[in-house]
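Labels A, B, C and D are assigned to the chains in the order they are written; within every chain, residues are numbered from 1.
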Amino acid sequence: MLTNWVYIGVFLIVAVVVPLVAVLIPVFIAPKKPSTRKEEIYECGIETKGNIRIQFKSQYYIYALIFLIFDIETIFLFPWAVALGNLPLFAVIEGVIFIVILFAGLVYAMRKGVLAWS
Amino acid sequence: MADLINLIENWIKNILLGWGVTESLAVFILQVLGSVLVVIVCFVIVIALIWVERKLAGRIQDRFGPNRAGPYGIFQSFADIIKIFTKEYITPVGAEKGLFNIAPVLAMFSVLAIWAVFPFAINVVGGDIHVGVLYIVAIGAFGILAILMAGWSSNNRYALLSASRSVAMLISYEIPMIISLLVPVLLAHSMKLSVIVEAQMPWNIFVAPLAALIFGISSMAEVGKAPFDLLEAESELVAGYHTEYSGMKFGMFYVAEFLHQFTVGALMAIFFLGGWTGPLAVRWPILGVFYFYGKTFFIYLVISWIRLSLPRIRIDEMLNLNWRFLIPISFINLIAVAIADRVMLEFNLARWIYVVVMFLINILILVAALTIAEKNEKAVERVEFSPRPIAVPPGKESK
Amino acid sequence: MAIPINWFLVLAAGLFCIGLYGVLSRRNAIGILMGIELMLNAVNINLITFWRYINPVKLTGQVFAIFVFTVAAAEVAVGLALVIAIYRNRDTVIVEEIDLLKE
Amino acid sequence: MVPVLIFGLSSVVTLGAALAVVTNKNILHSAFYLILAFVGVASIYVLLEAPFIAVVQVLVYIGAIAILIVFAIMLTRRLLSKDLIQRNAQWGLSALGATGLFLVLGWIVYSVNWPVKLLTVPEDPISVLGQELLSTYVVPFEIASVLLLAALVGAILIGRERE
């Protein structure tokens, strides 16, 4: 089993190194003529004014929140799905109850209107 | 001769052992060679895909596409590569340099790393781990992170706006994607990709068409190309979270996007189209590799076709599609498939009855969901704006 | 096993203490939450270490680790929602300035 | 030899990143170091032959919790200014306390004789995990979903913007 993980470790390192090399090549062969005008922030031709870090919509936060909860749900469901063949018939119902309880949360969020884009 | 891949593997291994290398080190070197090979093949495929995609886009939009560099413009991608390697890097003023430079590498990494676990043929599997499916889902997290880093560190209002929009959208669409991936796991009773591929009798797309549909739509949204490309809607957000990137750093985002679409094709092939399986693939594993890449390429073309035909959808439509349609329907599908699978396992039915029942259940859910959705759909309110005042030169206003 | 159990336990202890320092020394409520996350990670390392070295046949340790993940997620979700609500009302997330009950 | 090397590397990364999390002046950089620490912990799990937990660590902590934290920092962005002091007056005392606790814990770890049994991990750990989860731990399994539901409802109720 560990040889598989050694392979994955090697692969992850290769997957970092190859893009890194690709990004580093132009450092040596590309021209470098920096100027203030060039390094300005692009904003459709006008100069950038005021605070760059604009106010962030709290709507996005709600999406991330619901995603977190459903992410956790899936880590319970994956072992359930794998083990289903070796479990008694009742285990399906247990899993379904689990899903339905969390589904209520989604319905609640819908009812409260936090999912609608405003 | 039957097994070409093993033959080459053993040949290299014997050479290494002949040099006095220990067994474990030889295996390690083989692993390094294998992973480098897979990564290089990915890059080469992307170079080819960029040409194919541009040619296809040209034909669909009644243009020629690239046709200058070489016959049919096949050297266009190479010309682009030379250009992009010699372009100057511009770092915008006020950017956070560390994060700004890590982000493109991370974006590429998040797509490449998925290829570590793919089964290419019957005995050609990279990392055949017990948690393969979850690994694929988990690696996607780094892509989201890369977008967030790029958007934040660019010090550009539009980049940040686009990054936060993209991330909100990507994580929303990840929920139906994960739930629909649970269906093949459930049918194979394993998270090992090799087992999922071998358990498909017939292909999962016939057993679980609804899950395939949901996975297809949500992973198209994950790729972030049209019709789901509103994160880089040129008319609204300049060019998306990579507005401030230039040269190869931009190139990494670009290549990652193409490779991601190809990877989605590979995932579709593995989970729903039987991966490497096909006639004679067990006897000649090299054929399995061809089947795998062929199916992947087919799905890639289908996705390209869809995205070149559809207009971009609005962000509210997009979020409604996800939260009000895809997520509920994927949960209902999961519950139905789980119950049907377990009950039919209990009665030990013939395989063909199992498949037919599963197929009918899937179609039934889809039809019911579409009917309900149509009934609940509010009539689109047409907003009529009063005519805007026309600009007149100062001093000549009416009244 | 090539690595003695003590090494993992010391690593977990180190991570726990760093997290504890973060919780005690940060003024920013989000910083405190990050410290708590580090401490929960240390707990999980301990759970998995004991599972691997003492009873790997039954997967009790992994089950407990999953429940720790669940609790951590619930804690972060509610904790950050509270932080954002406070920020919206009081315009600060510095814990020393959140002294509503003192007034 | 190789496991020792991997252990050394990942523990250095984990502890270094964790130190950066608690000491960095910029809270957003702290969040990114937190992600690095999570990656280190995930590799420790792989070393302990618990790949499921490792993958879940990446999925939940990096894919969801870290992004939630970064979003929260962006929402409260006024506090990102450089001149804001991020540590309170009692930081010296807490550093002392944390070091003391670490020494005590280290002493305990090395003085206890742990009943180590060298057994192998089950062949298909995920299936066994699922069976345990749905037989022995079925009540916690269901309660977990109630807990998540409560967290979801509570967080939405607190966090949403009121008109």
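As a working rule, contacts are C-beta pairs under 8 Å (C-beta built on N, C-alpha and C of every residue); 3 or more make two chains touch, one makes a residue touch a chain.
Quick caveat, the model's predicted, so the values are computed rather than measured.
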Chain pair showing more contacts of the two, B-D and C-D: C-D
Chain whose Cα centroid lies at the greatest distance from that of chain A: C
Computed distance of Cα centres, chain D from chain B, in Å: 29
Where chain C and chain D are represented by their mean Cα positions, the distance between them in whole Å: 6
Interchain centroid distance [CA atoms averaged], chain B/chain C, Å: 33
Between chain A and chain C, centroid-to-centroid distance (C-alpha), Å: 21
Residues of chain B touching at least two other chains: 129-130, 134-135, 137, 164, 167, 171, 174, 189-191
In chain A, residues with contacts to at least two other chains: 1, 5-6, 53, 56, 58-61, 64-69, 71-72, 74-76, 78, 81-84, 91, 95
Residues of chain C engaged with two or more neighbouring chains: 66, 69-70, 73, 76-77, 80-81, 84, 88
Pairwise touch network: line, ring, star, complete, or other: other
Chain B residues touching chain D - in the complex, by the definition given at the top: 99, 129-131, 134-135, 137-142, 144-145, 148-149, 152, 164, 167, 171, 174, 189-191
Residues of chain A defined as touching chain D within the complex: 1-2, 5-6, 9, 53, 55-56, 58-62, 64-69, 71-76, 78-84, 86-87, 91, 94-95, 97-98, 101-102, 104-105, 108-109, 112, 114
Complex contact set, residues of chain D against chain C: 1, 3-4, 7, 11, 14-15, 18-19, 21-22, 27, 30-31, 34, 37-38, 41, 44-45, 47-50, 52-53, 56-57, 60-61, 64-65, 68-69, 72-73, 75-76, 78-79, 85-88, 90-91, 93-95, 97-99, 101-102, 105-106, 109-110, 114-122, 125, 128-129, 132-133, 137, 140, 144, 147-148, 150-152, 154-156, 158-159, 161
Chain C residues touching chain D - in the complex, by the definition given at the top: 1-3, 5-11, 13-22, 24-28, 30-31, 33-35, 37-38, 41, 44-45, 48-49, 51-63, 65-67, 69-74, 76-78, 80-85, 87-88, 91-94, 96
Residues of chain D that touch chain B when the two form their complex: 28, 32, 35, 51-52, 55-56, 58-59, 62-64, 66-67, 70-71, 74, 124-127
